[in-house]
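The structure under discussion is supplied below as structure tokens; questions concerning it will follow.
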Amino acid sequence: MNLKLFFSLVGGSMLLALYAHYFSGNEMLQFATSSLAIIFLAAWLGKSTESVAHYAGDRIGGFLNATFGNAAELIIAFFLVKEGLFDMVKASITGAIIGNMLLVLGLSTLLGGLKYKEQTFNGRLASHNASLMTLAIVALFIPAVFMFDLPMIKVEIISIVIASLLIIAYILWLIFSMITHSDFLSDIEPQESDAVWSKGVSLLMLAVSTFFVAVVSEWLVEGVQHVSKSLGWSELFVGAFVIAIIGNAAEHSAALLLALKGRIGAAVEIAIGSSLQIALFVAPTLVIISLLLGNPMDIVFTTFELAAIGVATFITISITRDGATNWFEGVLLLTVYIILGTVFFFA
Amino acid sequence: MNLKLFFSLVGGSMLLALYAHYFSGNEMLQFATSSLAIIFLAAWLGKSTESVAHYAGDRIGGFLNATFGNAAELIIAFFLVKEGLFDMVKASITGAIIGNMLLVLGLSTLLGGLKYKEQTFNGRLASHNASLMTLAIVALFIPAVFMFDLPMIKVEIISIVIASLLIIAYILWLIFSMITHSDFLSDIEPQESDAVWSKGVSLLMLAVSTFFVAVVSEWLVEGVQHVSKSLGWSELFVGAFVIAIIGNAAEHSAALLLALKGRIGAAVEIAIGSSLQIALFVAPTLVIISLLLGNPMDIVFTTFELAAIGVATFITISITRDGATNWFEGVLLLTVYIILGTVFFFA
Amino acid sequence: MNLKLFFSLVGGSMLLALYAHYFSGNEMLQFATSSLAIIFLAAWLGKSTESVAHYAGDRIGGFLNATFGNAAELIIAFFLVKEGLFDMVKASITGAIIGNMLLVLGLSTLLGGLKYKEQTFNGRLASHNASLMTLAIVALFIPAVFMFDLPMIKVEIISIVIASLLIIAYILWLIFSMITHSDFLSDIEPQESDAVWSKGVSLLMLAVSTFFVAVVSEWLVEGVQHVSKSLGWSELFVGAFVIAIIGNAAEHSAALLLALKGRIGAAVEIAIGSSLQIALFVAPTLVIISLLLGNPMDIVFTTFELAAIGVATFITISITRDGATNWFEGVLLLTVYIILGTVFFFA
């Protein structure tokens, strides 16, 4: 996309959000405009990260892309944690995971599959992703089973231990996939890091876009509770479907474009890589952050959330295992997403 | 089999059932004779469907076979729904799914495996079946988790939404496997549709056999409750093991014969295809029918039933994934079937 | 290892245990010394079994290795059953299964993977192991779901039926893997059976080592309850982590040495084969033994134990499915082991 047009959209959406926030007094409008602004700001943040990553060289750049790839979600979740909205944090983590696996991957597979009869990708990557997703499921599932009626202090200790182990496992995964076994997983770098700007400007852009994402995220979080109440939607549904879709919009469009260009492997990597990053890095980081903020959040998800993450993982593993996709597999993923959306809406 | 002998068996079993129903007054005899009659009538209905399918051409014929393949089960279940015996409907759906996966596939694999050291089949088909079975599990599992203490009206709405989505997914699967990707799944047509009779006679046969299946199914359903009571067997056991085995007898013999001829791929397709059809088409259709009959049945299965379907699916996927079978895999499937039968009997 | 040195260690550790048991009066010391002695005695028992197996010829030798491979665990568990410590029996079964899958296999994969970039093994074996592990899970999972509120007598009947079925399935698996399809599973014999001693001495060694394992196991079991109490550790943790690691020490070292020699297939076979043997042979045998001792133990595991076995199996299947391992897969297995250890410790 033309850079000038892009910045007009970023700037315009931010001005709208600014106006609505300070002058409109209409909470629905505030929420809608800050949501729109976040979508464009997240795209800007993504572009800046890539540009910085380009100058940082292959390895450090890879790490940057992998750790800042979900920066927008992390920042939104940070403000949710700060407000003590732990239920919504967990719902939005759940929503981001199932949204990436079912909606992003489902649409990419369906639309890509309508154009190409079959698209194939690196099966070894699929196999590793399956094992990592299994670890993520296990790590989120165990606390819910075991902490059922433990005292609060033990729940907190276990949460911190598990969070730390997941972060370590994630760092080791980065070392594995980018250093020791980078040749095994040739699809893992979905896109070249583009140098949109010069080195200095890129760093500035990263700083500025992160700042603006943070500002507008705070507005978004302020608005979300009112919206939830006035529409009568549950926190679970708002967190898991509304917030998650807003935070993931950038990945959605990137994965779809790649699938339509026949590069389903890169689309799979974005969708599943992003899910893994949220489960193994964003979620445990939020647990640690909440501890530092003095109001510790545990890592215990509800049965609903675990069931949703579990079924999403289960069907995604089943579909990606063979390293090939077709339109009907997209239908399967989207069917599960709609079923989950329906029950979350009514539950 | 000789057609003359076949119709003697059909006619004889029907006369017996007729006599027992109107003149014997012995409920056990009524149940036994109508069960026997249903087994032969289901075989007749199957033959008629195939013969009509032959004249309808490949595609429409394929659709006919795929949708009428479980017509006997559907008709029996229809009368159970009409009588409001929802628990037995769900038990018989459960029993049909696990009976196909564990008993039919287990016996075929074991007996075929005693004759051939290893039998192989289209692995791509196995992979697609695994994904579809996963959808079926997910679709039956989600309502049970989420609807735990929802008001009745919401349970009904969600049941109808899920039932509709499953029927749509099933229709899209037929389009995928028979139209857009029929070349991928070369084992999917287990048998040529045979032209047993001329076109006109075939249609007549289809109509007459469906009529008789319906009549005797009603007798069967009338008798089943008395039998359940007088033997002291639970509805769960009668529905899941007795009714399901009677309704599936035709598939049982067809799959076994194919396995003994070395065509394990076709046997797998009958067994798993039939399970999928019941989970993705028969079960949701019964939900919609119950709504039209004014006495809506929800789609919420018990923990027992879901556990049984879950473990059956899990081990079947594990065994069929590699596209090869041997006698020991038949032992595994049958062991799980006997374990489930034991606990259903005592539970 | 030098035989002379080996027997010095065996003898020395036994003398220590003997002294502590009869003269020290210090329960912690008694437990520590009998644990140490058991580790060396189990190694001696293993060597004796192999030596007898060598003279018994390939087939009977194979059966011997497969059934006596976990003799030490079986003997320890026998005394736990005799003491009526059913909870600790089940915890130690759980611990042996997850210890083999996660700790033994995890360390072997990690350390082997630091030396070799990728190690491969017979994928067909991995696929069969996955199916058998699935049967094991199913067999342990079903009773827990279905027996929730059944009367005791039914629970006992079902336990005996399931135990018998599992033992039959295990015997059929031995026939399959050693007689009818031994050529398929070429990795299954991890080590040649060594003839350490002459035929007569080997038999004597087997008898003597079994006797000593039994004696010291009884001391160990006497001490374990006191240790559990004085350290404030739960029976669950002691059974699943302390007892299980002691009983498995011989397999640990054997698997590790093989992995470091690049023979990961043999290490996988020891680790997973041992888990299967415990789930399909040791556990049901203990149920039958408890019946013969007149104090029947049921086969119902706790939710915690099943969750632990379930997640261990799930991730192990995921990792071994492709017939190749690398260091990061070892990290994944060990991470899950540490997470489980943490929650078992605090729970």
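Order as written gives the chain letters A, B and C; numbering starts at 1 within each chain.
Note that a residue touches a chain if its C-beta (ideal position, glycine included) is under 8 Å from a C-beta of that chain, and two chains touch if they have at least 3 such contacts.
The structure displayed is predicted, hence computed values, not measured ones.
Arrangement of the chains shown, judged by which pairs touch: all-to-all, with no pair of chains left without contact. At the interface between chain B and chain C, under half of the residue numbers appear on both sides, which makes the contact a different-residue one. Fitting chain A to chain C on C-alpha positions gives a rotation angle of 120 degrees, to the nearest 5. Look at where the CA atoms of chain B average out and do the same for chain C: the two points lie 41 Å apart. None of the residues of chain C touches two or more other chains.
Listed in rising order, the residues of chain A touching chain C in the complex are 124, 127-128, 130-132, 134-135, 137-139, 141-143, 145-147, 150, 154, 157-158, 161-162, 165-166, 168-169, 172-173, 176, 180-181, 184, 317.
Interface of chain A with chain B (complex): residues 117-118, 303-304, 307, 311, 314-315, 318-319, 321-322, 326-329, 331-332, 335-336, 338-340, 342-344, 346-347.
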